[in-house]
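Common to both upcoming complexes is chain A, partnered first by chain B, then by chain C.
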Partner chain A sequence: MSAPPRVRPAARLRRVVANVLFAVGLPALVLLAWEVLAKAPEDAVGVEKFYPGPFTVGAAFVDNWTGRAFAEDVLPSVYRLAIGIAASIVIGIAVGTVIGLARWLRESTEPVLEFFRAVPPPALIPIVMLLLGINDEMKIAVIVSGAVWPILLNTIEGVRGTDAVMTETADAFRITWWQRLWFLVLPAASPRIMTGVRQGLSVALILMVISEMFASSSGLGYRIVYFQRNYLIAESWSGIVLLGLMGVMLAVLFGFVERRVLRWYHGMREVERG
Partner chain B sequence: MLRVEHLRKVYESATGTVEAIGDVSFTMAEGELVCVVGPSGCGKTTLLKCIAGLLRPTSGLIEMDGQPVTGPTPSMALVFQEYGRSLFPWLTVRGNVELPLRHKKLPRSQRARMVDDALVAVGLADAAKSHPWQLSGGMQQRVAIARAIAYEPEVLIMDEPFAAVDAQTRADLEDLVRDLHRTRGVSILFVTHDIDESVYLGERVLVLSTSPTSVRESVAVDLPADRDQIATRALPRFTELRTHVYGQIQRAKQHAGVPSAVP
Partner chain C sequence: MTSPSDPRWRSLRKVVLGIAGLLAFLVVWQLVPTLGLVDREYLPYVTDVGARLAREVVDLAFWRRLGLTLQAWAIGLAFASAAAVVLGTAIGLVPFLRRATHTTVEFLRPIPSVAIVPVAVIIQGINIEAALIIIVYASFWQMFVQVLYGVADIDVVARDTARGFGLTRWERLAMVVFPTALPYIMTGLRLAASVALILAITAEMVIGNTGLGTLIMQSRSTPGDAAGLYAFVVVAGALGVIINLVFRFIERRALHWHQSVRGEEVL
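On to the complex of A and B.
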């Protein structure tokens, strides 16, 4: 008989427990080390005050980022980030596709794009503040000014790299312009586009914080600087923890979307690897 | 139906000009299955691309039903050699076959019927929901053939379609082409470098010269219409024909560089 060997329930349980231990093991160790090394607030002397333990930071996290602060600081930040990312994706893909399709446009815009990409976006903040004022639009503009480049440049490369035989196939079957865009050019570029989006997300998060640190009356960046200026050290750290969590959530969301959009790509790669 | 007259194609590049096609003329009647063979590098693919309207000839005339061909036309469908790069990996088998039909203004139900019908004809009815990369090479080329016949062209143009599949699959696919030709009455222009294949499949074999290409001879294949991989290939007439075509290609190679005079 060639029936697959049955896994005994006890063995399966052991494997699940092992997996969970592996996943939470290192974070738990880090937290433990943190707790051992940090001084309790009442015992901290001098510079030790700047390194509160995990429980202190955890308590500050609950006090400062749940309830009213969530609506006053977290939601505005998330809103700016979401709009900034969405605008970066739309602009990056649209402009990148146009440039990628037209060779003369590609060659003439390349030096300019390289220049703009090389400008560190935070340096734009003072100027953008003058142009747009101190408001959400300014912060969104700063996010877009940085996050759009990886998406734009990757889209150009992806669109340019459309397979010649596929293009000829589309020609031979007289596939219309819009159908070609939707069924050939964009899917063919999608692996590159997703690479660009992944890079754009981390840039967007960075610029969200920085733009809020400059001139703002709400948001995560503003609140972290506020805490720091008022010597609320644990509170400041708790903001950094929240940023880390937001980064992780963005990555998880991206992974979910990417797996759906590029299902064909991962499947094909798996087949090629054998 | 298809008329090619004094077709000439010269590639111009920085390093000079290359005359890929010298002077090619032939006609093809409705419902015919014509194979084109020639020595390697004789510009077979260039010829096909010119006929299909993908390349603009330097001079000469291509006419389909009396209309000059100036670009891709709905009366022709292509099957490329590189099936892996001609099918879209992000679409399912069904999506690939359906794509060229989207711009033909058809009711959805009719479109679906045409796709089903084409997939049944190539023996892939069960693979409609798969992606091309999940299939073997031979099956992928069947998808490309299904896409071409669903388009309902008058001429099916095939560019060395079976050069990249193994011998057994190749025999099956050859019989599929014969089958589609007989049951659907579609005209087929089949380019190959395989002499046996050209004689086995064709009703007529056009032998090309080396570059700059011209037609050396048009060989009528007077084998019975009912062809069989074992019986037909064992016929003395089959051997005669393939020997004849083979000899023509050998002579074409010897005359390489000298434009051959067409009698």
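On to the complex of A and C.
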């Protein structure tokens, strides 16, 4: 390991400033243009009404999503989302490992699983509602019914792709089944599993919103539909901001977990690339 | 002679096992309501769903709705991929633009497309335009990100060689950038195609523009029409499978010269 080249303080400062400018420059420009082009709600006529400025949307955001609404509508949704994601990951990895380890099981389940993955997840919502009724469990089941497939199928692929030499080495050393699973199969499959989890996360977020749009009297999705039906324009825009923030936070959280889980893998890739 | 390691024997085994698994799934589905584990009203017999499907496929109204769904899908996908290829190439080739747009892209991309539904409906009303907004939004990002990766993947030696031989900007774009980015573009197109279908059906369910999604919602609100609901969801799944297969096929044909496809053939 060679020490990083020494940089003069002035040059380093200039680089930091450039990075910050690159990061906030365009968003600031977009917001500025938006504010300049948008009319205040009281002056807006016709189509202009549909595009309130960032300050109006920001005020609507504070009014509708902070304080009590946050505790009553946002938190329960986030709670269901978290449970749904956790259940999808556990079921997806457990079932995927079992299927991935047995070739006959893998080959006989493949068409059925591919079909389930191809069903547009929201289409499953009416079926889950029919089977479970309208309640909290149903909304969690909806999230699982969509988010589990990418995790499951990627786990199968990952487990299948375990390096043959390593499997034979493990056999030769008479490693127990559990040790083999824990120290060989799951780590080897983890890059694929993480890919599946990332796909599952975005599906889960979408399903959380839609399940509440269809069947709910509270929650994020319900509020958003309520704004739409009552023609509350700035409030509808604030819903986009909220879900965008949630999407970004999920992505950041996932990036953090992925870096920890796959540290060995990224390190290996770097060495291979030289 | 056939031995277990013969590739033909292996693929035959795969097909047989696959069909057996499918049949087993259908038998279990039939048994669950027969044995009374779940009431027929909630989980109808496979045979009922099959009969319902058979009745729908000879009904012109069904095909018309399916056509509307595919129409929205095709228009949305075409718009999204054209925009993604143009913008992705322009931004991907200019380091300044790539750096400047990074944070904006990272914020816009994770916005779930359903979040846009209320604004789309308020602006466009309940029609295909509102649906197209969310279809294009969702499938655009799938494609855009792939194009960015693809354009960034250019071999430095190939690029410098092209420059050294004095190729014009357009020639370089056609002969160096495009072939490099093509595998990524095809992957993006396949992903965008399935996302566009998901959003086309979701839009019909949430917004209410006519199509397969509205058929699902109608069966849901008709008491005792569980067979219809299951039948239409099966159609949606079949559509997903077909689109996936078609785009996989296109991907292989378009990349027949590429290592990733040629490598598989040798094995």
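In this text, the second predicted complex is superposed on the first by the 263 of 274 C-alpha atoms of A that agree within 3 Å, B and C clash if a C-alpha of one lies under 4 Å from a C-alpha of the other, contacts with A are read in each partner's own complex, and residues count from 1 in each chain.
The rule is simple: a contact is a pair of C-beta atoms (placed from the backbone, for glycine too) under 8 Å apart; a residue touches a chain by one contact, two chains touch by 3 or more.
These numbers come from a predicted model, not from an experiment.
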item	value
Per-residue touch tally on chain A - higher for chain B or for chain C	C
Which superposed partner A:Gly161 touches (first chain B, second chain C, both, neither)	neither
Partner chain in contact with A:Ala172 - chain B first, chain C second, else both or neither	first
Partner chain in contact with A:Pro187 - chain B first, chain C second, else both or neither	first
First, second, both or neither for A:Val271, with chain B first and chain C second	first
Chain B versus chain C as contact partner of A:Gly67, first or second or both or neither	neither
Intersection of chain A interface sets (partners chain B, chain C)	none
Interfacial residue positions of chain B with respect to chain A in the complex	49, 52-54, 72-74, 76-78, 80, 82, 85-86, 88-91, 99-100, 102-103, 131, 133-134, 147, 151
Of chain A, residues touching chain B in the complex	163, 165-166, 168-169, 171-176, 179, 183-184, 187-188, 190, 264-265, 267-268, 271-272
Chain C residues within the chain A interface of the complex	13-14, 17-22, 24-25, 38, 42-43, 99-104, 106-119, 121-123, 194, 197-198, 201-202, 205-206, 213, 216-217, 219-220, 226, 229-230, 232-233, 236-241, 243-244
Parts of chain A lying in touch with chain C, wherever the complex brings them together	22-27, 30, 50, 104, 107-112, 114-127, 129-131, 202, 205-206, 209-210, 213, 221, 224-225, 227-228, 231, 233, 236-237, 239-240, 242-244, 247-248, 250-251
